[in-house]
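Heads up, the next two complexes both have chain A, just with different partners, chain B and then chain C.
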Partner chain A sequence: MVVATEEAQLNRLENQIDNGGGGTWEYLCLVRKLKVRRSEKVLKHGLSILNDPKKRSKLGGDEWTLYEQVAIAAMDCQCLDIAKDCLKALQKQFPESTRVARLEGMLLEAKGCWADAEKAYSSLLEDNPLDQVVHKRRVAMAKSQGNISGAIEWLNKYLEIFMADHDAWRELGEIYISLQMYKQAAFCYEELILCQPSIPLYHLVYADVLYTLGGLENLQAAKKYYASTIDLTGGKNTRALFGICLCSVAIAQLTKGRNKEDKEVSELQSLAAMALEKHYKQRVPGKLHLLTATVKNLKL
Partner chain B sequence: MSIQGLPTFSSKPKRAKVSFVSRTKSAACEERSPVAAAKITRSGCWESWAHKTSAVNGILVGCLGKNDEAIDIVDAVPLSHSLIGLLPTLEIALTQIEEHFGAQGLSIVGYYHANERYDNFELGNAAKKIGDHICRYFAQAAVFLLDNKKLETLPKGKDRNPVFQLYIRDASKNWKQAGSDGSIRLSIKEPSANLVLMDYISSEKWRDIVDFDDHLDDISNDWLNPDLVK
Partner chain C sequence: MAEDLVLDTAIRDWVLIPLSVVMVLIGILRYFVSKLMRTSQLPDAKIVKEGQVVIRARNLRAAANLIPLKSFRSRKVYYSNEENGLLFVPKGQAPNAQAQMFSDPNMAMDMMKKNLSMIIPQTLTFAWVNFFFSGFVAAKIPFPLTQRFRSMLQNGIDLSTVDVSYVSSRSWYFLNLFGLRGLFSLILGEENATDDTQRMMQMSGFGFDPSKGLSAEKDSLDIVQHEWALPKIEQRAEAVLRKFVG
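== the complex of A and B ==
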């Protein structure tokens, strides 16, 4: 998961190296650290280092980390020959390595040789049944082949063992959302909020899921989580502010005639609408009329 | 914020994971045509290209054509590239799109969708549900599902046909692929659309595309993409 400042730094470095400036190694390290997927850039700039013997020798031991990073980027860009070359270099340097064996499995995946990849991963798991990366590759393979129910099954089994793996919970939540299994998705985000209650993204997506599920209780809970997102982000999250407005309208429609909570509802909605108007006025005055119309429509 | 999932590898070249949206254009909208043509040409495809590892979708805007016999699609707004199954972004976007284009006499007439996986040619349930939602705005709304294989072969041939599948809702409200019985005909009035598309892809204009998700992440991102096609 990447926050805005880190993404800005990444983009700045990317622009710099694209325009011939330095900072390639810094960029590649940041990509690894943030675990983002910028395979074309990594492939292009990583190869420029690997193909230059002087630059390569300056890396020292990090050379092999770069080979691994470029191999994966090459697979992602379907440049399998490059991936194979990187893999050969790694196999030569680390002949009995599990980490290299995993890369071999990934190459089989990239080629579409699912059965062979499955065999490779199974054998790796026999030697080390707690290898998280290989477990996750299995899930990825199921997803690649369109076997979403298989992916869900594998992910659930994985999470029974590694229940603290936030990325896995998020992946499962996203898969459930894509299948419109919102109750199950909600469960995943509940787990995430329990583990990391100060991360606003989880509150926000949970609120979105509850809103999508609908029903009075879910809408009221969604409003609370949009409110907590606003709290955690210092009032700057546009989605959460809109979310408050959407929830307020939906709740009002469901509770027509009941007086309870009317004042509270409209005060929170007004505050959210005012905050949105302020942001739009400051940053995109050209779109303010659209926002005003949206808020007006939502009040009907 | 960006979201990471498990990297999955398609067994086909990454570039082919993108598809193409085309559109029709009527005589009434001709003064907008050159810009609109290119704008829609880029929309579904470029959004897909900018977000190669996820499903993308967007809204089609247009009007009824002459004699109400045809629906002319004149513009497109890219919507999302993550968590497509959730309602809030869709609802906010539809309100703003309606407001903006309504002032120009246009309305929401359809929806486009590109699947996450290269070899998935089915219109999924999420896309169908969103299509149903759009039908509340426009009963004859169409859904376009982008076709990756057709785009892959585009640079090799000189195919001027639209590179996507068209879905229409039948009387029992099921989404069916149109065209086989000849009752619905799709035509592109811009013959060079595919060429424009390939040119824009090679010049990497897709990097600048902004969808509604990007706008909600940072409101200074303009989902109308006014500078993208000039």
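== the complex of A and C ==
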């Protein structure tokens, strides 16, 4: 998760080095720390350090970390020659390293030699069957080949051992949603909520999934999770506000003609509509009429 | 009496300083030797998995109220049913750490290596100090101390009349042995400091048994009462929105 202050710092540094200021190394360190994907910038500025022997030697031992970072960025940008050069330097320095061997596998992947990459990864796994990075690369490889069911299989195998890895759960949840397997996705998002209960995004997506599944019980639960998203974000999440409105409409339709007791008496939906109105007034007054029309249609 | 003791400067030059330097050098040497002997031990898949199960079950316990009852129940059964639950350890099947240690020679070997790198240099230096520098005063600390410190500072001198602020050479060795940690962490980096005291602690706490962690987690999971927190949160969200709108 990238916190807003850190992102602001990252953007400030990026701006600074784009305009020829110093702080390239700090920028690269921050990119690494936050694990953000800004491959083009990393490639450009990382290379400028690597090509300058004076700057490079100033880094000391961190030089090799930079080589690794630039190599990965280069693979991401399909500058395979640069990646190969970086790898060569690393191989020379660390001939027996598994970390470099992983990079070799990734280079094969970037070239599109899937079979070779697979071979490289499986030999790595033979040496160390608990190598999380290699397991994840395998999933990524299956996914980039379009073999979604294969990716699911690998991920499930991975999660069988590393079941506390929430990033893997999130990936699995996203894959399931893309395949419209909502029940499985719901399970993944429950797992994520258990893992990190204070992240509103998980509550939001879980609510979306429940809403999509439909049925009275799921809809009511979805509404509650939209509410918890609102609670966690302080009412600033537009999607959750819309979600509340849609859920209440759907619930009202399902419970039409039933006893009054079944219906939940709550002001939440009207409050949500009002909050939406206020948001639109503040941010995009030009589109307010669209919102009012929609809300009217929903008959809240 | 205390005023009468004059320490020869030769003691400073030939005992106090060499002793400290030797201790530092031995510490550094030991660090490199243990680094050479360290084998990268691959963790066992089962142990890793058990650790992860415990983390996941703990998460479930902590945030149980945030997921619907149905989901909670299915998870609880998944973890703690008596047939194949993840947290369920069949009786008698729990591996005994002691037995495991004997059955796995690697483990014993590793311990021995660790101990060797710790004990051998220590005995050697102790013998060396004892042989060459035993029985005389090597330094004086610049402030007075109570009698209680006598056994700490004047190890090897059996004179009750000597002022406590004098340090015997053997005690100086001990002070160095335990007091150089800060210096090592400066020289060798924060984590690399050869920390004898901590290592001794590890030794005593060796018999850790992961299956105990599992069954403890199972017990605490069994008593968790599920009370869905979401209805309450709904009211809270209402309050939030009311505040925002109003």
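The rule is short, and it goes like this: the second predicted complex is superposed on the first by the 282 of 300 C-alpha atoms of A that agree within 3 Å, B and C clash if a C-alpha of one lies under 4 Å from a C-alpha of the other, contacts with A are read in each partner's own complex, and residues count from 1 in each chain.
What we mean here is this: a residue touches a chain if its C-beta (ideal position, glycine included) is under 8 Å from a C-beta of that chain, and two chains touch if they have at least 3 such contacts.
Predicted model only: the values in this text are computed from it and were never measured.
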>> Based on the shared chain A superposition, would you classify chain B and chain C as clashing or fitting together?
In response: fit
> Looking at the overlay, what does A:A110 touch: chain B (first), chain C (second), both, or neither?
Replying inline: first
> Looking at the overlay, does A:L125 come into contact with chain B only (first), chain C only (second), both, or neither?
Replying inline: neither
> Angle at chain A between chain B and chain C: what is it in degrees to the nearest 10, using CA centres?
Replying inline: 170
>> On the A-aligned overlay, A:E190 touches which partner chain: chain B = first, chain C = second, or both, or neither?
In response: second
>> Tell me the contact category for A:M163 with respect to chain B and chain C: first, second, both or neither.
In response: second
>> Let me test your reading of the model: by the given contact rule, A:G235 touches which partner, first (chain B), second (chain C), both or neither?
In response: second
>> Output check: A:A227 vs chain B and chain C. Expected answer is one of first, second, both, neither. What do you get?
In response: second
> Of chain B and chain C, which one contacts the greater number of residues in chain A?
Replying inline: B
>> So in the superposed three-chain picture, is A:Y280 touching just chain B, just chain C, both, or none of them (first/second/both/neither)?
In response: first
> Quick one: smallest Cα-Cα gap between chain B and chain C in the superposed arrangement, Å?
Replying inline: 17
> Taking the complex as given, what residues does chain A use to touch chain B?
Replying inline: 1-4, 7, 35-37, 39, 72, 75-78, 106, 109-112, 136-137, 139-141, 143-144, 146, 167, 170-171, 174, 177-180, 182, 201, 205, 208-209, 211-212, 238-239, 242-243, 246, 279-280, 283-284, 287, 290-291, 293-294, 297-298
> Which residues, counting only chain A, touch chain C once they are in their complex?
Replying inline: 128-130, 160-165, 187, 190-191, 193-195, 197, 221, 223-225, 227-228, 230-231, 234-235, 266-268, 271-272, 274-275, 278
>> Could you list, by residue number, the parts of chain C that touch chain A in their complex?
In response: 42-43, 45, 48-49, 52-53, 55-56, 59-60, 62-64, 66-68, 71, 230-231, 233-234, 236-238, 240-245
> Any idea which chain B residues touch chain A in the complex?
Replying inline: 1-14, 53, 55, 82-89, 91-92, 95-96, 99-100, 116-117, 119-120, 124-126, 129, 216-220, 222
